[in-house]
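Here is the structure we will look at.
Going by the order they are written in, the chains are A, B, C and D; count residues from 1 in each one.
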């Protein structure tokens, strides 16, 4: 990778970092990527061609999406691609190199930011060097700005160099946070012919210079949005006329945490973002909350989800209130394939800046690249999820998260070299 | 009342006290009363002629009833009446006096004992004078032995004296404790022609010599038996395979106590007799419990009962366990009628030993004479519930409860004199 | 009351309605009232002379207060009074009429708005006639704009007419909603010499033309703010490292609603404004909620408050989280005095527009005028709480609440005439 | 093993089966074993010489122990040993063979029965062949009758044959069920010089003829007895005067099951034997329950136990009731030592009837031999827990549990042959 490209991958990452877009709002990000890849003669699939619209999870309200489009327009997103997206973010871009006799190789990166406000401290590098988020309550606190930049960098690198005669498919996935975009992207036909799939992630607790050829076995995860709706009444004057949504929610919370442990493996449950806005003199009529379950197999996760639904539904019935539930996000688990992981390890050995290679390790969190990986594996292909070390003293999802930018060219080179060797 | 009758009412009470029979098991008591009233030319209605069999609440298992019949037989109950009862206790006895031109007057007394063991202390008078209960876990700790004796005493008194030309109907009600026998006795035709009904109770916190002409406004009450039944599994080996009846019960208990207060009046809820017998290494599969609700109107009570059922049912559903509920007992509320209460007060004024007369007062507990009273009132008749003072230092339902026996002839005379004046 | 004054009381109410100020933020309201009463030669007590600063309950954060002062300045509040208030709202204004031989009569009105956004419907009269709230999330939805206008109207009326030779003390109370301003206003010396106190309220379910001379027996009320604070951790990676504030809150909610009913009288409990903001993949570390208790005596209310504190504290301990509680507001109960209530009824009889007079009635809600009333009564004075009918099809505290303005001159006249007769 | 010994081990097991004794009541069992081993010149340590008295867990009330001694006396236990036990069961018996130059080898078996009633079905072999339990609510439903018989059988075998020149220590442990006797037996000096320890168990899901040389990694386990004690009051008349032990228990149960999963490994929690005996018209004053926690390390188990104590204590505080907790039983975990496990496997290969040998396997349940094993390992010795296959169609702890008696001589031979080879 040349020095000039090196610089520009960093520049692209900093541009994206300054204009972070949360899940399903990545209009500017998608459009900028699409613009460059179109110039590089990639075939583009945007919007409802990139993700199955009906399979999208956790989509924000329409007015928020419209505002996000408008913001992207103001902030320089080319109009052509905003129109082609038609309200749905995500991009699949493909290009055949050389004589096209080589394999179809997929590379998957994610693009979305988190809903939190970036730190404003002077010693936070994005502040000091002038690329801190300009969007309140949105921040690239998980490194997806770097992932997107690496995805573009791989296109640049393969365009420049030789050594690959197959088809490259780049998957720029929206809405990874919460596990909302992986499933709908996996439910398109684009993965049907992918023989090898490489997904990547920066950081994850490993230092710059280390590459994990195969992170695997994330916990499966599902997120359930729950709304209890009862009937208000005056708590002093007629408490019996209310139908108490908060009592339903409290009963649900108590019993959700009480779901039994499972002898087949690890399970998890948690509840967040609870809101019961009624003043204290009114019997609470409306409660929103978000439930998350996990399991170290898809079956365990599904079993937890089913039990959680039962608890929530019965809690509503107990207090005679209505309840609505909707899946906010979902991920599954996977094991990496040995051959492709070895190819990554071999490629990494030849990359400048790589000083340690880990063959495989279990990953801590959950990840919706899992749906793309399993789809490729179901079709007989091979897939792996690669960790690109990126040192930073603050954890993922914190207000001071940042990535060491030396990791970006390493990421580009590891992936490009892997593609060439497959 | 003559001295000899005085003695014999006391003797009868002591006999009943020594052989107490809990609700629906009053075979000996019923048979002894029936035997004397038959000799006195009363017309007898026994068993399913005295109570509507299908309306009985909280009936013990068949084998317990059979054992109680057998015990009554051993303890001297005349065979003829055991046969006529055919497993169902309770007696309605009627007799027309004089020319029969007077009104039909009902007198209601209850016969059942409590399920507790009587104190064995030497200074407990039933021990000292040799009439303590001979039945473990059964005891006349609420004075119904005295009520029954007074009922018989009234028959003796009216047989002896003049002054009454109407029809006397004596209602010897079974299973008052828990509110199990009043409803089925009210659901017979015997009350249809009753123009005046007097129910009585000894004690209730008032001293010997005091008469309350009208106790009224008891809380309505309902008792719900609940059984949760799930699936056991080893708590270490496979906790997820159990269906946890105890979690269901705990959720139910927490939320039953949380039922809202009512702006229309007083309500109550309580849970008792909870039993979850599984060892601690097995996911609990079976829980029994008893719920009690109250309200100061029948509607409030019904509303609480309905809500309690909802909570219990949803708690079972929440943990995927089965639930069975059954009504164990039920009472309603009432107001006494002024005219008959005045008649009682006037009668009491002429009775030896009465030194204070209270026109009316609210009663604390619940009482299923309420069903008989309301039935008479619905038919256009008048009814009251009379308190006959009986001093005792220990409270109702305690192991050392006893009644001052001077109260017995007072009770006979107050009721008899009232009947004559109606 | 002359037509021109009539118009101007309405105008004043509409001005206040357009610029509603929530509790402890009534800077513009207080300043406008102070400005007029100063011109009318009233002696003014503002800020920490009107309320005992340390007794204030539920005071918003300092930055909100400063913003409210700034807003009042922008919206025309005379600077002099903003300075004299020095951050604390509330006003006591007194003036002696004639020879000063008459009694000291207090009139108490409240000034604060609610925190809710007013309806924007075209057929909502404040919209149609151009005086709808210009403050998002603040609205006069309980009629206090009218109360304040009536207070000023009484000053105008007594200035104009004769018939009163005593001292008038006008209490413009802040922060009635939530019961936050009554207690600190009662803890000043201004009530010490008040012989008669009249507090008023518009609406309360009674129609224009009706006057209730004595509303009494409100439920005592206390509002407790609760914050649970634990320790976050990743719900998938290390759930055991969290200290779960939401489990503490859910346990508290379940058991607060389960506090027992009381045989001495009516009690109430409710929980509102629950907020647990953590995302669903983080063990919840922070929960805020507001608890409200009531009782039909101050003792019952205190007993409920004490039990609620116990539940909340134990729930925190159960899940090893910290908890902070603070009293947000408090009211007590009272009975009106007969003589002053009769004076009001007699006065009302001579007021145009009054067509029905109710001697006394129980009130449904809670009210912190109770503290001023009891303080006067403790000092040997007499007090009453007067309902001035004001028809409106929408309930108090709803987004479409409005008051029929014909009620305003009625209110002025009833109070003025009462003052003259005392 | 000769045919005659074979028969007599079976006879001994059947004798013990007919007279089962629950934990800490094994007076007859201990005495019979002591009697035979005394004749065989073993040195005996009984009662407080066999277990550390103050470390005993879950000891029944004194009157139950006295009744158990009396029963043992009636059922043929030699008086001498009853006296030497002085109320405490358990036996350590040692004997040195040959020149005593060999190692000190311990063999640990347990003796107690379960508290459940044995099946009375005709096709249940103990019924059919006349050795069914004669003690209601006590039954050898876990095979400890067989373990004890094997322990005696090993003494007989080593007495008969040669091949062992060391010291044999037989540990006849009381109260294994619930984990009550292992800890106090490990807290004596008898294990200090034990170089090799073999513990055994029959059944455990493996068929007759199979031997597992090393069962290991049981879950650590602790059992906590909890008693909540409040104040009763009449649920209708004065609910507020009660202090509700059942609400405390329900809150505890809900929140115990809600204790968080742990990222370090497997944990468990369960509640059993809940009893709240109050009638439903009395605020419940007394609740007993038993809590069980587990963890796949001693630390995880201790952490669960500490958290469970916190929940229970706070639940009591929440409802102002008293709580008492006591440890009912406790076990730890262990790994077997390779050398001794190999010795067992080698020995088993030469035993008639053994057709399959499993080197090691994880065990499902919990086991307090763990304390003896760890004590030996801490002293530098080696230990293993051996599974002796015993087919039976009904599970451990069920009313129809039985053991295939062909397993008994196999057990004797495997252990004896192992001792000889160590």
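The working rule: contacts are C-beta pairs under 8 Å (C-beta built on N, C-alpha and C of every residue); 3 or more make two chains touch, one makes a residue touch a chain.
These numbers were taken from a predicted model, which means no experiment stands behind them.
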Q | Longest centre-to-centre distance from chain D, chain (CA-based) | A | C
Q) Looking at B-C and C-D, which one has the bigger number of contacting C-beta pairs? A) C-D
Q) Just how far, in Å, is the C-alpha centre of chain D from the one of chain C? A) 68
Q. In whole angstrom, how far does the Cα centroid of chain B sit from the Cα centroid of chain C?
A. 52
Q.
Where in chain B do residues touch two or more of the other chains?
A. 237, 239, 244, 247, 251, 254-255, 257-258, 260-261, 268, 283
Q) Of all residues in chain C, which touch chain B in the complex? A) 254-255, 257-258, 260-261, 266-268
Q) In the complex formed with chain C, which residues of chain D make contact? A) 237-242, 244, 247, 251, 254-255, 258, 260-264, 283, 303, 310-311, 313-315, 317-320
Q) Which of the residues in chain B come into contact with chain D in the complex? A) 219, 221, 223, 234-237, 239, 244, 246-247, 249-251, 253-254, 257, 268-284, 287, 289-292, 294, 364-366
